[in-house]
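Two complexes, one shared chain (chain A), two partners (chain B, chain C).
After this line comes the complex of A and B, so read on.
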C-alpha cells in the first residue's frame, strides 16, 4: 500500500498546485460561464424599454436597413430573434475592433438602453476581456489546469462515495474540505464534461495540429469542409445592391422547418455579396452547422447542405453540450447551478489552501498575497457583477458608449474591491466585501421587482436568483464576521 | 512539507517535471492530434476531429505521468519515446492526397 499512498500524495500535491495557479481565473470563468447560459434572458432584463417581439424575417430586415445607412464594415453578423431573445444582436468589425449593438426587432433602431447584456458574460467567459488571441489562450490553459485538477482530485480521493456524505460543519479545515469535496463530487460528471467540451470549442486555436497535418496552412479549407453550406468568395470589387433579406430568412425558416440562428452578410455593398443563414441551435444537442448561402444581389440559393457525417455530428454534439443552447428551462438552470457548484468548488479549494497552511504556521508572503487575492476575487467578482447590473439601471440613456460605461463600472468596482482586499485585514475584508456584494444583489432584485413592467416568469426568475445570490453573500458576510476570518 | 522538500534538489526536480508536464504534455497531445488526423482512413476533415478532441485527454495523461514517473529523466524519456513514435507515424503517413 505504500506505493499507492505515495501516488495519492503526489496527486494531492498536483491537485493543489494545478488548482491554485489559475484558480482565480477559473473562478471568474465559471461565474461568467454560468451567467452566459442565460445570455438572451440577461439581454432582455438589461433592455427593459425594448420588449417588443417581431418575426425573424422582419427583425433582420429592419436591422439590415439600419446597417445599410450606418455601417461600412465588410461583414455584418446578426443573431436572429427567437423564443428566448427578442432583439437582433449585431456584431461588425472595423479593423480588429468590433462593435456590438442590439436592435429593436420592430423598428430596426438600436435599442434605447445600449448594453452589452448577456454577451458581456459570454465574452468574458472565454476571452477574459483580453485581446485576441491571448484571452482565449489563457482560458484554454486554465481549462487544461482544471482538467488536471479534476482528474488528480479524483485519484487523490480515497473514499469518494463515503466522503461525499461527510460533512463536519465548523470553522476549521475539515469543514472547508468537506464542502470542497461535496461541491466537486456532486456534479463531477458535469465538471469534467464542461471542461473538456470547453477546450474543444477553442480547439482550432489551441490544438490546430490535426488541421495543420491535413490542410497545411489552409485552415479555411477545413472550415469549408465542416460547414459546406457556408460558402466564401472574394468581393467583386464593384458595388452591388443587396436584395431584400426578409424573403431569404423566410425561405431558410421553411427549409429548416425551425428557427434561424446566425445571419452573416459578407461584403454587403459589393456585387458579390453573400447572405449566409445558419439554423438555430435550439433543436438538438448538436450545434447546427447547417447553413444556406444566398447570393446577396439576386437572392438565389448558392449552397444548401444537410449534415449526415457521423463524426462531424459527434463533434457538433460535443460543441453543443458546452453551449447548452439545446437546453430547455429546467436543464438551463441545472447548467447554471452546476457551473456555480464548480465555481464554489474552486473557491473553497482556494480558501482551503490558505486555511490548511495557516493552521500549521504563519503564512508566507506568497500565501498572504493569495489570501488577499481570494477575498478580492471570490467576494469581489460577484460584487462587481452586481455593480454592472446596477450601472445598467442607473446610467442615463444615450450618451457616447453607454454600454462601455457599464463595463467600466464593473471593472472599476472590481479594482476597488481588490484594493480593499489588499489594504484591509482579511477578517475585515471578507465580511465587508461579501456584505456590500450581498446588499447590492438583494437591493437590485427588490428595486427591479418594484419598478418592473411587463415582467415575464423568466425575468421574475432572474430577480429571484439575484435575491438568493444576495442572501448567500450576506450569510457569508455574517459568518466571516463571527469567525476568525476565512 | 518536510525540510528535505525545500532544497534546490527538490526544486530542480519539480521544475524538471513541470517543464515535462507543460511542454512534453502539449507536444505529445499535438503530435497525437496530427498523427491520428493522418492515420485515420477517413475524409480529411473528419479524420481531424477525433484526434483533436481526444488530445485534450492525452495532455492531462502526460501531465500525470510527468509527476508519477520515478525520476525526472524517466519522465522525459517516456515523453520523448511517445513523441518520437507519434511524430514518425505522422511523417510516414504523409499529408492526405
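After this line comes the complex of A and C, so read on.
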C-alpha cells in the first residue's frame, strides 16, 4: 500500500510540474486548435461580403487568371473551395516572405476584406507565431508534456471511477479539483487521441534521424517518396503559356470521385510549368496524399498515384484524426467542445496549483508570478481573440496589410491584458479581464447580427457561438467578483 | 436518441455510485446497485450499436466518445446543481 501511495505522490508531483511548465502554452494551443476545427467557417465569417459560391474548376481558373496578371512568384499554392469554404485561398512566396490572399470564387478578384481568418488560429495552434522551426519545436515539447501530464494524472487520480460524477461547487480547492478531474476524465479518450496524434504530426521535426539517415538534407526526395503523384522538375529557362486550368481540375475531380484540395502551380510562366492537384481530405478519416501532376503547358497527365502502402495509410489515419477534416457538422462541434474541455482542464489545473498553495501558506514570488500569468493567459487569451474578430469588423477595407493589422490588434490587446494582470490585484484582475472579454464577445455577436442579420448559416452560427462564449465569460467574471480572489 | 440513451445510461451508473449523495441514489441496496450498473452499461453499449448502424466504425467510435463526454457532463452538472439546491434549502 505504501509503495502504491508513494508512486501516486510521485505521479501527482510530476503531473503538477508537467502541467505547469508549459501549461500556458498548452492552453493557447488548445484554444487555437479548437477554433482551427472551424478554419474554413471562420474564414467565411470574417469575409461576410464574399458570399458567392462556384465550382472548384471555375474558382481556381478565375484566381489563376488574376495571379497571371499580378504575380511573378515562382509558385502559387491555391486551396480549392469546397462544401465548407467558398473562397480560393492562395499563398505565394517571394524569397522568404509570403503573401496570403483569399479570392472571390466567381470574379477571381481578391476578397474585399483581407484577413488571415481561421488560418491564423490553425498556424497559432502549432507554430505559436514563432519562426520555423522554433514554434513547432515548442508546440511539440508542450504536447509531450501534455502526454506526461495525462498519463501521470490518470495514475495519480486515486478514485477515478468512484468520483466520476463528483463536482462540489463552492468548496474552494475541492471544487477546483473536481472541475479539473471532470474536464480531464470525461474527455480522456479525446485528450489522449489528440495529444498522441498531434505528437505524431510533428514527430519528423523532433525525431529527424530516420529521415536524415535515408535522405540526408534532401527533403524534396522524401516528399517525392511520400507523395509520388506530385512530381517536381527544374524550370526549362524559357517562357511558356499555362494551359487552361479548369479542365485539369475537372479531370482530377473525376479521377478522385470527389473534391480537390490543394492546387500547386510551379513555375507558372515557364515552359516546364507543373500543375499538381491534390485530393481533398474530406472523404475519410485518413488524409489523402493522392495527387495528379499535369504538364502546365499541354495539360497532359505526367503522374497519377493511388496510395496503397499500409504504413503511409496508417500515418494518414493518425494525421487525419488530428486534423478532423473528415468530420461532419456534429463531429466537428464535438471536436471543438472536447478541445475546449482540454483547455478548461489545463486552466483549472493552473488555477488549482495556486489555490492549493495559497491555502497552505502565503504565495512565494514564483507562485505569485504564476498567478498573474494565469490571469493574463486564461482570461487574456480569449479577450485577445475577441479583439481579433472586432478588428476584422472595424478596420477599414483595403490598406497595405489589413490582415496583419488584425493580428497586431490581437497581440496588442493580449499584451495589455498581461500588463493589467501584473498591475492589478488578482481579485480585481480576474473579474475585470473576464468581464471585458465577456462584453467584447457578446457585443460583437449583437453588432454583427444587427449588421448582417445572420444572412448565412455560418454568420448566424458564428454570432451564436460568440454570444455563448461572451455569456460564459460574464458568468466567470460575476463568480470571480463574488469570490475573494481565486 | 443516442445521446438520450447515453444520458440515461450515465444516470443509472451515477445512481449506483457511492459518491452520489444517498438521497439522489435510485439504487440504495447492493442488488439494486448491481442492476442499475448493468443497465447503465447496457444502455451505453446499446447507444454504440445504434451509432454503428448509422455510421462507419471509425466515425461511430469518435462520435460515441464525443457524445458520451457531454452526456456524462450533463449528469455531473445536474447532480452538482441538485447538491447546491439541497445545500441552500438546508
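Here is the rule we go by: the second predicted complex is superposed on the first by the 475 of 486 C-alpha atoms of A that agree within 3 Å, B and C clash if a C-alpha of one lies under 4 Å from a C-alpha of the other, contacts with A are read in each partner's own complex, and residues count from 1 in each chain.
By definition in this document, a residue touches a chain if its C-beta (ideal position, glycine included) is under 8 Å from a C-beta of that chain, and two chains touch if they have at least 3 such contacts.
The model shown is predicted, which means the values in this text are computed figures rather than measured ones.
Residue contacts after overlaying the shared chain place A:148 against chain B, while chain C stays out of touching range.
Once chain A of one complex is fitted onto chain A of the other, the partner contacts of A:285 are limited to chain C, with no touch recorded for chain B.
Contacts of A:334 after superposition: chain C is touched, whereas chain B is not reached. Contact with chain B, but none with chain C, is seen for A:225 once the two complexes are overlaid on the shared chain. Within the superposed three-chain model, A:12 lies out of touch with both chain B and chain C [touch as defined at top]. Of the two partner chains placed by superposition, A:100 touches none, neither chain B nor chain C.
In the superposed model, A:478 lies in contact with neither chain B nor chain C. Those residues of chain A whose C-beta lies close enough to touch chain B in the complex are 7, 10-11, 13-14, 144, 147-148, 151-152, 155, 196, 199-200, 203, 207, 209-216, 222, 225-226, 309, 311-312, 314-315, 318. Interface of chain A with chain C (complex): residues 159, 162-170, 182, 186-187, 189-190, 285, 321, 326-328, 330-331, 334-335, 337-338, 341.
Residue ranges on chain C touching chain A, taken from their complex, read 10, 13-14, 17-20, 58-59, 62-63, 65-67, 69-70, 72-73, 75-77, 79-80, 83-84, 87. Within the complex formed with chain A, the residues of chain B that make contact are 29-31, 33-38, 42-53, 55-57, 59-60, 63-64, 67-68, 90, 95-96.
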